[in-house]
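So that we are looking at the same thing, I have put the structure below in structure tokens.
As written, the chain order gives the labels A, B, C and D, with residue 1 at the start of each chain.
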Amino acid sequence: MVSHRSRTAFAIGAAAVTVALLVTGCSAGSSSSSTKSSTIVIDRVFDLKTADPSRQYEPTGAIVDKALYETLLTFSGSDVSKTVPGLATVEASADSKTFTVTLGDGHVFSDGSPVTADDVVFSLNRVIGMKGNPSFLLSGVTVTKKDDKTVILTSATSNPALPFILPNPSLSILNSKVVIANGGTTDEKDSAEAYLNANSAGSGPYVLDTLDLTSQVVLTTNPKYSGDDKPTYSRVVLRNVESATQKINIEGGDSQVALDLSGDQASGLGSGITVASTPSANVIFLLLNQNSKVSTITSNPDFVSAVKKSINYDDLVSLAGKGAAQANGIVPSMFLGALGSADKTTYDKTGAAADLAASGYKGEKVTLSFPSDISLNGVEFTVLAQRIQSQLKDAGITVDLAPAPVATEFAAYRDGKEALGLWYWGPDFPDPSNYLEFAPGGVVGLRAGWPEGSDATVTAAATAARAGGSNDERATQFTTYQKALNATGPFIPLVQPANNIASASSVTGVEYNAVWTIDIAALGSK
Amino acid sequence: MMNTRIKRPRIHLGAWGAPLGIIGAVIALAWIVVAFLAPVIAPHDPLAQDLPRLQAPGGDTILGTDSLGRDVFSRLISGAGVTIPLALLLVVLSVLIGTILGSIAGFFGRWVDETIMRITDLVMAFPTVILAMVIAAALGASLLNAVYAALIVSWPSYARLTRGLVLGLRSSNYVVSGRLLGFSPWRSLWRDIAPNIIGPILVLASLDIGTAILLLSGLSFLGLGAKPPTAEWGSMVSDAIGNFDQWWLGVFPGLAILTVVVAFNFVGDALRDALDPKSATLRGGGPTL
Amino acid sequence: MNSLTIENLTISVATSSGQREIVSGIDITLERGRIHGLAGESGSGKTMTALAVLNLLPERAQLTGSIRLAPRDTTLGDPTEIVGASKRVMGAIRGRRIAMVFQDPSTSLHPQLSIGQQLTDHVRHHLGLNKRDATARAVELLTRVRVPNPEGALKRYPHQFSGGQRQRIAIAVALACDPEVLLADEPTTALDVTVQAGVLQLLRELVDETNLTVLLVTHDLGVMSAVADEVTIMKAGRIVESGPRQRIFTAPEHEYTRALLAALPGSTVEEDADTLAQQLAAAAELPDDAERLDDTDFPDRSELPDAPGDGTPPSLSDADLPIGSSVLPGQADLPDVAGFPSRPGSHRAESSATLDISDGPDEERTHV
Amino acid sequence: MRPARATRAGRTGHPFARYLIQRILTSLLLVVGVTLVTFTLTNLVPGDPVAAALGQHAAEDPAIVASFRAHYGVDQPLVVQYFTYLGNLVHGDLGESPTTHHPVLEDLQVAVPATLEIAIGAIVLSVIIGVVLGTLAAYRRGKVTDHVLRVVSLLGLSVPTFWLALVLYYVFFFKLHIAPGSGRLSAIYAAPPTVTGMTTVDALLAGQWDVFLDASAHLFLPVLVLTLYTVGLLTRFVRTAVLEILDMDYVRAARAKGLPGRTVVWSYVLRGASIPVLTIVGLAFGSLLSGTVLVESVFSWPGLGSYAFKAASNLDLPGIMGVGLVIGIIYLGTNLIVDLLYSVVDPRVRLA
């Protein structure tokens, strides 16, 4: 355990050296000590680009904005299968094209002004009009004010998923007067981002104290917060910390919550620390390009089948660590319509050999491209890729690894130029319809060189699933879709890595949410 | 420090420089032998992931296993065959490019000299690693690309050294008398100047092998060098970042780098004592990482 | 009255081929208020002898015998033994009781320190003067060695003075603590021939005025004949002959001495100060680098464009050439010659003060 | 290091002004060169900055992509982009980073002091230690101390900094728990009001002793890692320089004056060795900045190295350009300071 004396001695020693270094005639004023009371420290590997909710679309941004802002609808705890009222209640029309938003009473922003329909209209129109990263969430949606308490959302097409999209922190409601005063507009000329990175303009339980995109975000309680559940911690420090250090920090009491421990790290934690391990909603998959211009090998159906059977899924799951699970289908396990373990693809050495022989593969090198700088819930793509390479080698398939930073590699992936690719899909909203993009001609389908009309079975299943219906009907439709995809599709769902949230035992209310990872305001103490 | 001296290489074996140099040479040679024999002496296939993951040293693995169940010891010795030859290649290429450009600059002077020296200024204004990083990012991660990136930042020191030596020699007796006798400048460049600059260049180059290893493994550490699953020491160290509990993942490859670099630096230091007791250090030669 | 007594002094140096004796059992006695000339060719061990007196020989040199420094006043006690003396004892002797002037003032004065600092640091250390008193003393010293504008000179740096002025400053530095013995190692060799006389004249005056004891190390018999009272001739680490100047120059007993003298132009010894300058001019020759310690570290002469190509500095010991029979090309290589009107023979000793004023500051360049 | 030009003083009145103008002009040329090189290199990268900045969902929406390209000006031809950049540069506008969504200038205002804090700490510490050890080695030439120091300094030069950083971090933080974790400040402390951007200095200026202690503790390991390397470099070099000075007549003359040993060392020997030592210190500072990249990545230090790495891997052109510029400026500034110091320590050097 930490010896406080030795740590103090280290600090003093270091300070002595620093003092010696400083050529400062330091005029020491009275020691104005810094705040320490009721602070909670949360360690996170940052992927933060902005705190402006209408621009951010990163998991860390969602954590921050969930604490600073409120949305029209929200989820309770970790349950993302049904929405609950947030700032408003929403009623959908039968055709899922018109949604009536009715604002609740008594919601005020941090400057004390009430949340109005104008704020809702401005905030949502700003998301759409700025054409920032999250604007596709509301594509085809128009927002109109009906009266001071009511707003109408109209979708061009049937949009049953919209209520599940609205809780996304990117669709937070901002204080329109403040934002407009600081350069906010509802088009691309908007210049309020700088302001929103230094101040918050929301009605959430916290306000932004300081923000440094690379090191830390500090939140303090919003005294005007109108919700019933006032936050326990008056100051929140969300720090950018590498996962190995997160482990040390939480073991040493330097932090109270660690969000990015790998399975290996989480299983080695000492007593006094609680770990919540749940499979995350991220699905890591392998894609085999069906475009013969890209690769004549990967576009061979027998070869695709051989690869599916050559992979030792259990081995990959154990590599991903504690709490990880095999992705039975492309839809993650906690969503409606997820596949059961009976329908998962399994390792089949002899079947693989037969398929490989049938494919006419002659030992050519296949290039596996992957983003080398991505580490998802503690699972490093580089590690995973090496294991896949090794497994395929055992099956007689020669794989050449081509790592590149995601910035460079993503372009090739998006343009459908990768023969073999290792990627993941994180859901935009907790509804299986998000996964229809994997169908032929879908966004991800095209990345695998799989245009419309490539696979009639899958396309038919996808069309049926898109049509909607009752929950049971939809569940069946999506199961069928995924079975078809597993059978003939160019995607191989591999792993849902675990989300390990480690917290000091004194911290309560730690719950993983697939949309915003963790609700800071819900954290309590005992 | 452009005030150069003309000295034919002289051998003075310092009382202690020589033994250190011999120790260095022995260690360096040992690593080179290991590099050649790695496939024979490695107890396991360095790429095979057939052992239990993250096993501590001892038992059937000398240095434990990594996060994919590969034998750290086997990877360590096969790593010698990855970094050392490339570092040597890098130094040889740097010396070639640097001395050629430096001789041209020093011998022909005027605008040729100005141009070449301004380019070295430009390259030297960048910190080595950051420039190499940008280049490696541009070329894509691979060890050979890391060598190219490192080459771009490492030739100027040779160019400057050579230019300084050539400038000093150009006005010296034998070159001047050669000119009076009507020999061509190329002849004097080759006959009179080359033998005189070999000593300092050799010293700088021998000290640079260590730098080259540090630079290449540093780039690999940042993910801009060796591609997985290559057993490269720098990337082995970076694998250790996520696995602090498994100290053996990082400690041994780091020690490997350290011993090789120290060995080459011992040799270089002894060579400096022997060939060029003063000038090499004064010109700011030596590692810059 | 004896001031410094050297008895049976032997200096040997460890080399790769074993111990080599550089000085072998010499005896020299310096009398108070006299200038004792120590002459000999390069490598004869004369500079080593001088350094031994200050215990400043390189570490690898071994020293046996005895060097005794008599107290200023015989009633004060026994002489101090220098051979094997502790650091503390030597610290109290060096600069305070025995001072030294080196051959080349352009290297013996620190180029980066002001004249003021170099003149006062040891004064403050040895005599415990405060800054103001030390500065006053420095001004007095500079006046005494006839450096013009002494107050201004304190703030200047060595490169801003001519060679002759620098050596005067170096002498002032040596005399600053009022020492009993002054070791002058070739004090005029590095100087332009036209200013040598002035410096020697100054030395003579100081001895006459202050009862200083001087050991004048030189290879130049012309210089010797001009100022020395006693003369010792050394060869290969041994004393060849020793005695009063008059006798040595008129009736040398040893053949080696005779050979040396025969080589001097104008074979009679003239003491007349008026002719000194002329004589010195005639006897002038190049500085003798070979005598320096670690001569290999000195910039090779071959770097100079017009030096002979073999790279070895000219040295008497090469062929036992008689002193003065210079075969070397003029004075162009002398470091201080630039900007100095070279009119040999036209200077008179008493006009040296005016001469020095006319010295322009060196336009020295530094390459870094 | 280019030689400081020393010529006849005072021919045209203000040699310093002339020196400065000449320096600034060459610097400007160099800076333009740096931007051109960086720009060209970055554009050689085959990737697409859009993908990096937008992420896999938004990058599919043509409207979002077009909006992004227009905002960052990457829809223009390269030549236009470059000259637009130069034009903005004249007005002190370094552009906006697509990675951080911040003006690059603001990012650099945070990153540069963070790196300088480490680099200055390391160089000051290294100079103190290196000069003492180097002088010691020279004085004990050929003795045990000298040999030990030779081995130690060669070891210092041979340690991979990234590895040493990890090992120290592992030992002092992970195992012994006496060093603080990564970053610049423990989370319980709020950063002191920004004056210099260096946390330790700012904490002192604000009189926050506890923050200062904490910031110093965070600073210590990164500084130590970089110091060990630089000490190796300086010790070897100072030894050589001092050995050369010890041969000088003026050192023998100072001894003959009976000055105490430490006066001889400090006033005479080290003053004499100051020019070559200053030169190498300037060079060492440059390599320190280089070394910070690897060390910052281990200690999660939000400095220039981390920023450069992130910018390079995200194809963040304005970010990389900004880093190139600021490093060029630091390099030139270092040279300028070294040149000025030459004239301080050596009266024979005059700037013209």
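In this text, a contact is a pair of C-beta atoms (placed from the backbone, for glycine too) under 8 Å apart; a residue touches a chain by one contact, two chains touch by 3 or more.
Here the structure is a predicted model, which means the values were calculated and not measured.
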Counting C-beta pairs in contact for A-B and for C-D, the higher total belongs to C-D
Per CA centroids, the chain at the heart of the structure shown is D
Chain A and chain B have mean C-alpha positions lying a whole-number Å distance apart equal to 44
Whole-angstrom distance, CA centroid of chain C to CA centroid of chain D, is 49
Rounded to the nearest Å, the gap between Cα centres of chain B and chain D is 22
Here the gap between chain B and chain C, centre to centre from mean Cα coordinates and rounded to Å, is 51
Each of the following residues of chain A touches two or more other chains, namely 242, 248, 373, 404-405, 408
Touching two or more other chains in chain D are residues 3, 45-46, 174, 276, 279, 313, 315
Within chain B, the set of residues that touch 2 or more other chains is 1-2, 137, 140, 241, 244
The chain A residues in contact with chain D across the complex are 1-3, 6-7, 9-15, 17-19, 21-22, 24, 26, 28-36, 39, 41, 49-50, 55, 57-58, 130-136, 139, 188, 193-194, 197, 209-210, 212-216, 218, 237, 239-242, 245, 248-249, 252, 254-255, 373, 404-411, 413-414, 423, 425, 428, 443
In the complex, the residues of chain D that touch chain B are 1-3, 30, 33-34, 37-38, 41-42, 44-46, 142, 146-147, 150-151, 154-155, 157-164, 166-167, 170, 174, 229, 233, 236-237, 240-241, 244, 276, 279-280, 283, 286-287, 289-291, 293-294, 297-298, 305, 308-309, 312-313, 315, 320, 323-324, 327-328, 331-332
Given the complex, residues on chain B that touch chain A span 47-49, 53-54, 67-68, 137, 140-141, 223, 227-229, 241-245
Per the touch rule, the chain B residues reaching chain D in their complex are 1-2, 15-17, 20, 118, 121-122, 124-130, 133-135, 137-140, 210, 214, 217-218, 221-222, 234, 237-238, 240-241, 244, 247, 250-251, 253-254, 257-258, 261-262, 265-266, 269, 278, 281-282, 284, 286-289
Chain A residues touching chain B in their complex are 242-244, 247-248, 262, 264-265, 268, 319, 372-373, 375, 378, 380, 382-383, 385-387, 389-390, 401-405, 408
